[in-house]
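Okay, so chain A shows up in both of these, paired with chain B first and chain C after.
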Partner chain A sequence: MRLRALCVGLIGVGTLTPGRADAQVDQDLSALLDEPVVTTASSTAETGTSAPATSSTITAEDLRRYGIHTLQEAVSFLAVGVAGQHLLDDDELGARGVEISSDAGNHFLLLIDGHKVNEPYQSFDLFGRFLGVPLEIVDHIEVVLGPGSVLYGSNAMLGVINVVTARGKTLQGARVGVYADIATLVRPWASFGSTFRLFGVASELTVGVEYLHAEGPKYYFPSELAGLLPSGQELTWGGAVANNSSRADSGAIVTRLITGHFDVTLRAQGSVSPVWSDFGDFDSPEARRTDRGLSIGIKHEATLSSIVRVNTRLYAAHTDHDIVDTVTNVDFCPLTNMTCRFDTRSQSRWAGVEVQPVFDWFRDGRFVTMVGVDATARGVLAKVDAFDDVTGRPISSSVGVIDHSDLIVGAYGQQIWIPARWLELNGGARFDYDERFAGVVSPRVAATVQPWKGGALKGIFSEAFRAPTFYESYFSTPFVPLPGPLRPEKTRSVEGSIEQRFAAQRIFFGVFHTTMTDIIQNFQFDPLSAARFLQQGRSTVLPLYQERNLESIDSTGYDAGIEGSFAEHKFTYGLSGTTAYARATAFGSTGPLAVAPRTFGNARLSYVLPDAWPTLALAARWMSSRLVENYATYAGSPSVPAFIELRATVSGDVPFAHGLSYRVSANYVSSERTPFLVGPTLDRTPSLHPVDPFRVTVGLTYEFPQ
Partner chain B sequence: MRLCASAARRRFAIFLTLGLLAKASPLAAEIGGVPLGLQAQLTAKLAAHDKGMAARAGSTLKIVILIKRENAESANAAAHLLTAFEALDSIAGLSHQQTVLAFTDARALAALVRTETIAIVYLTQGFDEDLDAIGASLDGVSVMSIATVPDYVVRGGAVIGFDLVSGKSKILVNLARARRQGVQLDSNVLMIATVFK
Partner chain C sequence: MKTHGVAVALLLISALSPALGACLDFTPVTVPPKEGGDPDADIDPPDASVDVAACEVCVKRPTCSTEFAACTGTPKCTEMFTCGAAQGCYSAGADLVGCLTICGQQAQLSGQDDPAVGPFLALYQCATKNCSLPCSLP
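Up next is the complex of A and B:
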């Protein structure tokens, strides 16, 4: 009844524009223009309403208008069903009540221009400031919720995020800019976009470059016990402001060339950032993490006949990570009165080809078969070395050595059938071969019914998996035994949704039930199990932990949202919320998930003032209270309280300075801590990652005359 | 010897792949554009905003979807558009007919538009070389020309096109071409369109 009243209300507001007949047509036209076109859900350009998944589209205008600086902020403030949390060294993402702490983001599949970013060593995703794509050249971001392995294979457990860079014709011209978080961070950037003819073929070029330097924010950490020194004295951690560990530098260049039927994305990035390990010394000047990446992706689309089209994708990438940490704790550095320096290096390289023939049997899009084969050759080199920090002398031979290559192959098929104007069916499955485990089949079946004007009902069943990373499969030291054969993590989801559009307004409500099994986690040996492990001859020393398939998760809940615009898009708004009841089961006991919010959402309002006046925007997001990481090990299952984050942004052209524009944001967070642990965490109360409660950001952009 | 044979096979595979890719792209076209079904719906809405459409169309609005011979993309797009237009109940409040027509030359097209009172000509892919001639021949002919390739609008070969920016459809209008072909779009449409003068 309330929904009906709201719908009637919206129709009433929507028709309050002059010229009734024309206004009605305008509203229909606006509705069509506002309908997002997505490609990620089914690898086909289609409207968001008909896509076989729940998806959100974040536009470049949204990013600019709401003062968004990172991918994590973008999905947290502007997408449905995704919740991000900013940590000192990276950002974490969860969806629909599920968040796997310290997963390096590898339960989301991250695509940049349709090419996978997750590398094989740890399937690392960077959602924060080290993404390696200047947001100023992002055209839009597609966020697809739920399992997506049917087309993409591993990692698409919680969802798929596709960052699409702008085409040269959209970006046209040269721009330079700088944005700064007052007193903590500065990021100069430049972009260029152009159209031209290359060998007589219409072509477009996009280039984006950025450099980031951070000197903060700097936090004070209370003193806490961090173990023992070799002399037997207690070692403390914290008790000071972390100056060294707040510094970071990064740079990235992204180039996209579209020429004829080819679409090439070339990306290079590098960053040096702080390390926050649980055993390292506090604020060590030597502790740093260096990440570098170079990738190329080439897409080609060929229409061979009016029935057959072939999409081909070639890709190659190299990433390396070097993590240096200094440790004085005797448990990890058994040298008398010395500090050890641990150097963890890994290199991942992969290259492959994906061929995807598409058969449009009746030449009208009503019965389309897509098949595809995606073969990837991968290799990883990794090792951990320990040195005497003073002399630089190795104190042991390398451990955790991985030198492994393999070939993974995925084969998939998808059938789209539109038997009637109001009904669209999508079914498909993918088989993935990986030498480490039995083949995995990931099916998806979806039906979209559009029974009345502007309305859509969706039902979706889908499964996905995450293959163990090379680190999980092959990393071992004397204290960390090699795992047995690990099974891939799997997820299965059933969801239903209803959506209604009223001109430029959209209301959405969906329910879901998701099951995840075989989640890979560290099995921490207790003294008894360690002794038994040793006794069985499976280790030469008492083991500390081992990677195992340990946990399963069930999550049931709903997503809801409303968004739209009035007054020819001058006033835009959005509101979304998700509530999930999620439980994790391990060792026969079931409990709530750590770090994941049960309820979260976001809201936004913006208004474009007339003439030379600025655009005003207010974005908000919130989360319910969350249990801290490893909460079961602390008395009383501690949690952090609910929070709300508010961001007000003013943007516009600088008066009397043609080509110069500005953006000023103020960000406030009501919480002081995240639920993620930081430091040695040996005390009875957990030490938690701090939150920057108030931040002001200023940005300037200059657009060169064309 | 095994290494050499393996390397040779690899080179052959690379050449084969590149050869296939090169062969399959005879003409430039838009990749990642607005879905054709959506283009047809947008066209129907825009037709209602052309002040001259009712007089031009008469009792039945006629649409010609123009294809380039031996161009698979063009044929494919035309088939999609045909189905999408057939699915529409009415366009600008009028009943409508749609036909796929193979392009011969620009003069013949202009003559056909005049004699058959065609209201909308939809250009599909493959007309890069013919664009100037089509534009010139339609000067003074009352017809709404639409292109599946946004660049055709930019180059002045069609009045209207659609582009995908930030994952949403944008209307492109070439105002000079619109004037030459007697297309008078409402100012409120021009306000939300990207206009090329």
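Up next is the complex of A and C:
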């Protein structure tokens, strides 16, 4: 969202009369109106320049123009400092040289209309095609880089992503559409936006519905060793095209109702998709995961006086995951002539309330105090069962059984002080209580100095944390002992930036240093440490692995970018890049991070041709080479090469068909593999997730006449 | 038109919500240890895929003889060792999960307190360190 959109109803026509307009005023006004507005960084609407964080705003127009289909694509192609990678089962996000593989996305905090999505069992985030929000109803996406726990609590380690859906008055009317990746995927969708009066109160309604069916891409996987059968014979994995594992279905519905001072978002989603575990059989037709979610978030804003307003948020959500996998490998199914079927289930429910009084002491935004309390009640159920795949009879008792609930509470305060037109200060801290560890304090201090026209210097110090998930805290089996008391992961970041705006152009350069400590990972027991563990009486059988605070990460680097537009926004462009030197330390040894690129960035340009001609857009992103996951276990520390991804998009109205518009994209990736492991990975060379090198996507939209 | 649209939207919401509300069953499954659920699921004797005799010769050498002697003093440990040798548990890259699951159940280990655990672990560590080649699967 840009100021232009915010101000269009506020600026009187009289101030823009031609008689008073000169070139300089036009330029200044254009620069002001083109400033992106962010609300995520400090929970207050402010310009990107003054926000206490490095941020990017991706508009609905950006999403359409550049042929964006997923949240991961949006932030990778259009935001600063975030690098996404597409995997077979979902997408991974990293930032500023740090990416933690297989973290279920839980080092980013994902918000939808300001409501947290990360569930307590695994803090699962979905950045790919199962996000559960049709992008056609997204108004804008705010990406805030760096620690953000000061207002949001757990998970805001690498950043906060807020997907904001469109208001009914913005979306006005009914639309249906379909987009298809040629021969692999089809996604019909519909949206509706309206304004009306509900019980005499001005109201707006937004509805978005989508259904996705995928039958590909179908990849060939070379044959590889997958362990042994109980008879001692070798078991193979791959050697064929994965047909069953290319199918997926998902559906989602999102509604947003704004009535009076209430803003309600209701979201429901469900998906059935393939499972790519490291021990499961290859391309098993039974191996599926089913993910479902239902959530409601209600915001209310009450203005008590010209000084005090109170924001209140009520929220409740339910998610569940059912993962079924078949296994013949003796290591996991040690029964002769049998295939085991593992069923892993989890369910998270949470509900809470956040009350946030805001005091604008001088009624002019110069000295604003915000305090807040956020309390959430959570409950998780989980278990893992093993069955004989043929008879369906259980072959062992349930393991990993979790039936736990708790209450977490966060209290925070933030002070914004603007002592002069050229100086803005922002300081705050949040205290989070969780019964599993000592309370955590997450401070942030930021200063923005605007010493000359269009220029801004910014300095930020911030900390954040990620609480252990319920899985990390409570999952155990006979071979996986419960962890000891886990500490929350913590991150601390210091950054400085300089930004210059001139008319509708913006140049940005920033440096950062980030440390992350107590990263939770699997500690793999060797025979000696397993024996010690037993002798200490901490387990009843030899343990295999255990969740522990193991690793710390340091990352130092810079972000840079330039973006803007010419010719009344007909021509837009952007270019950004990040370089980071990141090192991970565990067990006293330090080395580079797996799967994280040292250098990455994106570029884009588009042009709106006149009259009925289409809009042309080209977007690109690139990454330097990346070490493969668990690279230290392979000879020579293998890596995948640098790649560039290009996407050309043409969009416009279909001639002679009123209301019908089209969008065609062609996507090319110069790489064949990601650095993420797939399959049993017992061979000496790693087997890696494949990449679809060329894809053509066609979309059609019909807008009903109003 | 507008009223109709709102009604359709609300209908969609109400139709979808119950489907999502149907809950998974989280009642833990309990299988009595002796019955093992399915009779067919009982652990079969391991195949003699490894030359157990050659493996034994190696572990009886001075490097592991103390550990071997301690193990053979406990019947369950002896059974675990023989089972482990047959499964190739002492070969390079052998996975502890399969070995322990099969051999531990076959020897009917009672758990951590079982007197066979200590001697077996000692012998296991010595065998994997010094006898991985003769104890490997062919």
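Heads up, the rule we're going with is that the second predicted complex is superposed on the first by the 683 of 706 C-alpha atoms of A that agree within 3 Å, B and C clash if a C-alpha of one lies under 4 Å from a C-alpha of the other, contacts with A are read in each partner's own complex, and residues count from 1 in each chain.
Keep this in mind: a contact is a pair of C-beta atoms (placed from the backbone, for glycine too) under 8 Å apart; a residue touches a chain by one contact, two chains touch by 3 or more.
Predicted model only: the values in this text are computed from it and were never measured.
Chemist: After the chain A overlay, clash or fit between chain B and chain C?
Modeler: Chain B/chain C on chain A - fit side by side.
Chemist: Figure out whether A:706 sits in contact with chain B (first) or chain C (second), or with both, or with neither.
Modeler: After superposing on A, A:706 lies in contact with chain C but is clear of chain B.
Chemist: Give me the angle at the C-alpha centre of chain A between the C-alpha centres of chain B and chain C, rounded to the nearest 10 degrees.
Modeler: Placing chain A at the corner, the angle measures out to 150 degrees.
Chemist: What is the contact status of A:568 with respect to chain B (first) and chain C (second): first, second, both, or neither?
Modeler: first
Chemist: For A:202, is the partner it touches chain B (first), chain C (second), both, or none of the two (neither)?
Modeler: Touch status of A:202: first partner only.
Chemist: Based on the superposed arrangement, let me know which partner A:258 touches: chain B (first), chain C (second), both, or neither?
Modeler: In the superposed model, A:258 contacts chain B only, not chain C.
Chemist: In the superposed arrangement, does A:310 touch chain B (first), chain C (second), both or neither?
Modeler: A:310: touches chain B, not chain C.
Chemist: Shortest C-alpha to C-alpha distance from chain B to chain C once the two structures are superposed, in angstrom?
Modeler: 18
Chemist: Note which residues of chain A are touching chain C in the complex, please.
Modeler: Against chain C, the touching part of chain A is residues 174, 192, 194, 196, 205, 207, 209, 227-228, 230-232, 251, 253, 255, 266, 268, 270, 292-294, 318, 320, 322, 330-332, 334-336, 338, 345, 347, 381-383, 385, 388, 391, 393-398, 401, 403, 479, 527-528, 530-531, 534-535, 537, 539-542, 544, 706.
Chemist: Could you list, by residue number, the parts of chain C that touch chain A in their complex?
Modeler: Result: residues 1-3, 5-6, 8-9, 12-13, 16-17, 19-21, 23-24, 26, 28-31, 36-38, 40-41, 43-44, 46-47, 49-50, 87-88, 95-98, 100-102, 104, 109, 111-113, 117-118, 121-122, 124-125, 128, 137 of chain C touch chain A.
Chemist: Can you list the chain A residues touching chain B in their complex?
Modeler: These residues of chain A touch chain B: 22, 25-26, 28-30, 32-39, 45-47, 57, 59-61, 139-140, 142, 164, 169-170, 201-202, 258, 260-263, 299-307, 309-310, 312, 314, 353, 360, 363-366, 421, 568-569.
Chemist: Could you list, by residue number, the parts of chain B that touch chain A in their complex?
Modeler: Chain B residues touching chain A: 17, 20-21, 24-25, 27-29, 31-38, 41-42, 45-46, 48-49, 72-73, 75-76, 79-80, 82-83, 87, 128, 150-151, 163-171, 186, 188-189, 191-192.
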